[in-house]
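Residue numbering begins at 1 within each chain, and the chains themselves are lettered A, B and C in the order written.
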């Protein structure tokens, strides 16, 4: 099956990346430049979207909670749901759109304009020089962006909690520590890591092995978007299931 | 100093792009490899510098067989064998200076900044570019980019220069200029030049030998004086 | 429509031509297939996973708030119909269709096919943009219905297996909370999303800059702008609709 073939190639590619990280010293200025660029590129849209997602959740949960007279828990509920589910999911979508598409387009363009071949001819390993810094940057920035997204969703949720449900900001924030457990935080972080690795792998792989001129670049971006989307959903499911079982075992 | 290719074969999903190529190039020669688009000429060049691995056959560069070497072991070969790509392939995020210095920094890591600067300026002057070192790669014209690309390869002082369609898509004025540049550099720096092209005019002007490729095989090998007498129909079409 | 001077001019052009015949039915059908039919597997696949996770998370949080998971199917059904079905479908379309359309049209732009069309007195907007707009609106709505159905189905499976519900109790719980109105509202959301995505994507495709770089930029911009638009529009629509709940 062609799919298994591709999967094998991706694993080999990741293997090369990991080997490079382990053996060679990473070019620090390059790496920090990439981290900066990835984070800055995605930070405003993450904050922006986070606000709205928090707001949407407030509106949706507001009516459901009012039925139980449990409106005061809105802050805790919304934040917990964001940390465990929507936050990592949202970050992954945002990153996949902004950074994923951008990186695969950038590497793809470099490939079809023969810059990657030129690099090899000039004595530099393109994986070490181009791929590894981007890979690490994407994984690391997932964490930073989760924090940003979470904070802005709290603000958005609180704002709408006030407007739609008449909750004061104080009430909203107070509920948070009651609902957000250590496990929830660990789950959120683990999901972020998984999504980050998934995205970093897919967009660098697709970009690096682009073929076929401008059309090929378009194709790489589309594949990256698709595979990442599906991958995120699957990884989300697996990690949720895993965490749930672990949590269950731990608490019982 | 010589480059020899023996029975080189390369297949891409059932299409035999190179079907038993035998070629010997002596030091200081300018050899033109002509053929229609998509006939494996680029594949031949890329195999020589190890960007592609042949399915079978041998590549001898200065008495060393290189076709089986790993990526890491190929680095010194690429120092000897510089390739100039069809696209300028300049690194967009770097300045012209940094582009030309790129290979120098990797292959000659012991050079001081002073030395690197002088090598870069020297290479740029060889392609007759002055005062553009600090411009960004994307800020200069396409013709200039092509020359910077050449300077970048010259900077690592290779003994062999491989050109992949150096004048394709350029206007006749620049084409003539680049053609002359290839000839002058080859004579002045005493490098061996292998030029892949589909421009017979350029070949007739500066080459020592012309090789014509068709369907993965060499169908004609001659010099500019005698090539007009070739009986091969494809060659006659190129000459028309 | 020489160079796309502004989005505003473009938008008005598209709107005018979408609302007046002729509509190039053959093109619309081709696009319906490319956008709608070919998205079905990926939507179903993603939604089934999303449904499972939603139920799990809901059960977890319900237990925290009211110590029982009795109301999960009811509440989950609400969230599915009001949010999940249409938004996940829209986000998936934003990526897949957004990238696809902008890359396709961008490529046509840089290979000068758009200019060729105009020289042949064919209006590129009528030929390229309008069919995609119509097709995406219809596909988004149809896919949302499909997504809602699949989501409900898988949530039901989860509820039966994990929360010891029966099919009967699941549906009665669902009926108690969700109503036909929610379905209609979700279709309206889907239509809005389906309208925005192709308009944005075609815009970036038509104003694509030269070369491989241009295509890359166009697709990136399309995907990102689509995603953000969907989130913002979702917020606005959710707020509007909340007055109707």
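Throughout what follows, a contact is a pair of C-beta atoms (placed from the backbone, for glycine too) under 8 Å apart; a residue touches a chain by one contact, two chains touch by 3 or more.
Computed from a prediction, not measured in an experiment: that's the story for all the values here.
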Starting from the Cα centroid of chain C, hunt down the chain whose centroid lies farthest away. B
Which chain lies at the heart of the structure, taking centres as C-alpha averages? A
Distance between chain centroids, defined by C-alpha means - chain A, chain B (Å): 43
Separation of mean Cα positions, chain C and chain B [Å, integer]: 50
Whole-Å distance, C-alpha centre of chain A to that of chain C, is 21
Junction residues of chain A, two or more chains touched: 113
Partner chain A, residues of chain C touching it in the complex: 42, 45-46, 49-50, 52-53, 56-57, 60-61, 64-66, 75, 78-79, 82-83, 91-92, 94-96, 98-100, 103-104, 106-107, 110, 211-217, 219-220, 223-224, 226-228, 231-232, 234-235, 238-239, 242, 245
Over in the complex, which chain B residues touch chain A? Could you list them? 46, 49, 51, 71, 75, 78-79, 82-83, 85-92, 102-103, 106-107, 149, 152-153, 156
Going by the contact rule set out above, which residues of chain A touch chain C in the complex? 45, 48-49, 52-53, 55-56, 59-60, 62-65, 68, 70, 73, 76-77, 80-81, 84-85, 93-94, 96-98, 101-102, 104-106, 108-109, 112-113, 160, 164, 179, 213-219, 221-222, 225-226, 228-230, 233-234, 236-237, 240-241, 244
Give every residue of chain A touching chain B within the complex, in rising order. 113-115, 117-125
